[in-house]
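Please find the structures below.
Common to both upcoming complexes is chain A, partnered first by chain B, then by chain C.
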Partner chain A sequence: MVRLNMWYYKYLCLLLFVFIGNVNFLFGQGNCLIYPEDSGERKACELSYRALEHRQGSKESQLLFDEAIKIGPKYAWAYYQKSVPFFKRGLFAEGISLINKAIELEPWNYLYYRAYWYFYNRSYGYCIKDLEELYTVHEESYTTTPGGDLEMRLLLAMAHAQSGDVPKGIYWMQHLMERYEQEPQLKGLYDHFCLGVLYYKNNQFDLAEVEFEKQLTVDDKFADTYYYLGLIKAKAANNTLAQDYFKQALAKMNGENGGYSRNSFEAFNIYKEDVEKMLND
Partner chain B sequence: MKYIIFLSLLFTFQALFFSGCFNADSAVKPTTYDIPTRNHDLGYIPYDAKLDKPDFLVCDSTNIRSGRNRLQYPGGKNKFRKDITSKYLYKSDYKDFSGYIVVRFVVNCKGESGRYRAESLNLDFSPSDAPSDLLQYAITLVKSLDHWTKSTAYDIETEYSKFINLKISNGKIEHVVL
Partner chain C sequence: MTNYMKYLYLIFILLLFHACMGITDTSKYPRHVGDIPFDSQLDDVNFEPCNEKKALTHYRFGDPDLYEGEKYMIVHEFDNLVLPEMDSLQSGYITIRFMVNCNGQTGRFRVEQLDFDYKDMRFNEAFLNSILAKTVSLNGWIPAIRDNKPHDYYKYLTFKIIDNKIVDILP
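== the complex of A and B ==
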């Protein structure tokens, strides 16, 4: 009887997962079947998928997106997809006019993309405006950068810090950490690092150290964490430990034992010369 | 094996069910739109006799690649930022301008750069008016740092478009995005 129950629950779970998967697949972004046949949106959707079969930025794909927009002017995904290669090639005026149209139609889906490009180009005021609208007005619960590696609240927090309001940045990072309490598996690779940097910038060194130590449990190969730990130890006049951290940071930057650095944090990026300078001080 | 068969049947059933709900035959209906004729890639910058050297050629205008790290500057991005900032000469005529100057160019199949263009934008990326000599000056500066190399040996003949975005605040370079 117990075995039968186990079997039953196992299949029930499977059934549920497959059902959810299918619903996501069928109703997901860009699935053309959800639009009535012969509607502008259905045709625009089909054309947009055909455009994606061509290389991004190619004339073929652009013309198919043009056609999609002409037939289904209310189909936001076509504007978004068409904007992507413009942004990537530095054609910002054209890219922004397209993404603005997508945002006009579905702000909850596309504000993050415009904010990403504002952040990347250090237009922090506009980045903050878009992301605060996304998280407050549209109550977005979790959305990442286009590459999927950073939750957008990291960018929002850094944008506030760069605009001179570090406490507001900390507020948004804490807002994100609360989100992870419900679903800890969503936590990214650099969340503790980012919060640590903000605490450091706000002169809350003890709290910063706690976050950097947590970061090491998530990823101990990331050089920048060691650099900041070195700065904290230097502030505490513990020069021996500080130098030890800086040496570790440099070793990781040189790729020793799988170590690495990355430049996704714009103004918070750490370069080898920063570490070398601290080692020589 | 049992699981795989079970999942396959279930998936097929649901896909058919949902397709049927929305439209019985639309999923298999062929689309009737024609694929347009090949032309240029978005990254291609057409030749302009007033601006460009006639001997700078683009081998394949339909296949221009882009990517932030596909073209490398000796010493890295930070070195480029330092070099361009130190070369930049502020003029009082520029003081009223804040926004972006975006310089775009192409590195062709021979590894030469050309077809430089510049435009000015506000911080929300809407077009703006910068002093015209600032646009030309930005091009001259970027051209003077023409030491781009392709990231990998195998793509030596691949052609790339590249942009350098100068964020200007009251006529001075605040940051360089590349």
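== the complex of A and C ==
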């Protein structure tokens, strides 16, 4: 019996090793095996994964992406990956030219990335065009910024607001909130904040306050929420409460009790100087 | 066995040759996308990077702005800039890339000009030079620290221009 158990464990270990080996093999090559053997896409895919072994944007990686694109010109991921360091380093013409090629091949996979950089560059019209195509034509149900922290509808909503159509921004945020009804675990850290800002910009202060209060239940360390609550109280001529919120905002911006601010909301970003100005008014 | 070794040796040499042939282009790209090598025609010889080979890009450090007073102060500096009057209206992006050395000094400025469709364009020279000169004069750059050591880094500022006015500064 002991011998049988030993044999069983050995067999189990062997199976486990084979399984791990296969998983490593499959995932080590990403999804390259879905392409036919000897196809340009398979080779381009493998070269692209080799490129990722080098530092992003390094000469070695860029040359491997070039090779991948040459062998498999229909392999979109290589164009996308090659574009990333150009965008990050302010070389937008090169970045856009590369991501355009990825989008020609697989718009449903890469529109979000171009839209992200359009938003970042305040090209709000182009950002709106890409994201509305993504969510309507390609029926994307949930996709985030490259860092994974904001659902792209936040950017779409802010882009509309920046283009002067705040109600359309609110529409897209409500569209996103409906999506969360099915899967509330997907809700991000700043969704209520974003909707609150849009209501505020649309002079719907009561609705804005509701969203900011919800935001505090999600994350009470984010300074900007207190700033906007302060603005709402100031509008309501409740200066004592307004000043209290501004003080809390400043404390959070100074990092007290884990407080923080962040600059992801472009024109809606709040700086310490903005808060100090309200405190001095 | 000797023949076998010879074949192995031959295969090794062929593999080595193939590996070398695989990546032959050494001039098409710099060490890293966005690196700005010294150009004696353009660059101030007095600007000295501390360790250029280890220069990083700005976003690799915790502080996104790396400027005294953060982006607010950068914007403030340009609020006071008086741009030259021009006969025609121009719009687009001016991106100025540069290096900040480990002492917070700047050099190796490069300019990219794009219209709102991300195609090359040319701004009026006096207008462009005014923005460039102001960027060169910024002196609040903070040396970036990584692993307790100051590093050189690459930084860029993009100016969004509408009708000859700076309406936004990125990032």
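Rule of thumb we're sticking to: the second predicted complex is superposed on the first by the 251 of 281 C-alpha atoms of A that agree within 3 Å, B and C clash if a C-alpha of one lies under 4 Å from a C-alpha of the other, contacts with A are read in each partner's own complex, and residues count from 1 in each chain.
Convention: contacts are C-beta pairs under 8 Å (C-beta built on N, C-alpha and C of every residue); 3 or more make two chains touch, one makes a residue touch a chain.
It should be emphasised that the depicted structure is a prediction, and the values quoted were computed from it without experimental measurement.
Asker: With the two complexes overlaid on their shared chain, look at chain A and say whether chain B and chain C clash or fit.
Answerer: Chain B/chain C on chain A - steric clash.
Asker: First (chain B), second (chain C), both or neither: which does A:P85 touch?
Answerer: The answer is both, since A:P85 touches chain B and chain C.
Asker: Touch test for A:F265: chain B only (first), chain C only (second), both, or neither?
Answerer: Neither chain B nor chain C is touched by A:F265.
Asker: Applying the document's definition of touch, where does A:E46 land relative to chain B and chain C: first, second, both, or neither?
Answerer: first
Asker: Please work out whether A:K59 is in contact with chain B alone, chain C alone, both, or neither, and reply first, second, both or neither.
Answerer: It touches chain B and chain C both.
Asker: In the superposed arrangement, which partner chain does A:E37 touch: chain B (first), chain C (second), both, or neither?
Answerer: first
Asker: Check whether A:W108 is in contact with chain B, with chain C, with both or with neither, and answer first, second, both or neither.
Answerer: Neither partner.
Asker: If you tally the residues of chain A touched by each partner, is the higher count for chain B or for chain C?
Answerer: Chain A has more residues touched by B than by the other partner.
Asker: Both chain B and chain C touch chain A; at which residues?
Answerer: Comparing the two interfaces on chain A, one with chain B and one with chain C, the shared residues are 55, 57-60, 62-64, 67, 85-86, 88-93, 96, 120-123, 263, 271, 273.
Asker: Mind listing the chain A positions that touch chain C in their complex?
Answerer: Residues in contact with chain C: 55, 57-60, 62-64, 66-67, 85-86, 88-93, 96-97, 120-123, 263, 271-273.
Asker: So in the complex, which bits of chain A are touching chain B?
Answerer: 11, 14-15, 18-19, 22, 26, 33-34, 36-37, 42, 46-47, 50, 55, 57-60, 62-64, 67, 85-86, 88-93, 95-96, 117-118, 120-123, 125-126, 263, 271, 273
Asker: Could you please specify the touching residues of chain B with respect to chain A in the complex?
Answerer: 3, 6-7, 10-11, 14-15, 18-19, 22-23, 26-27, 31, 33, 35-36, 38-43, 62-64, 66-67, 76-78, 100, 102, 104, 119, 121, 123-127, 161-165, 167, 174-175, 177
Asker: Report the residues of chain C in contact with chain A in the complex, numbered from low to high.
Answerer: Per the stated touch rule, the residues are 22-23, 25-26, 28-34, 57, 59, 64, 70-72, 93, 95, 97, 112, 114, 116, 118-120, 154, 156, 158, 160, 168, 170-171.
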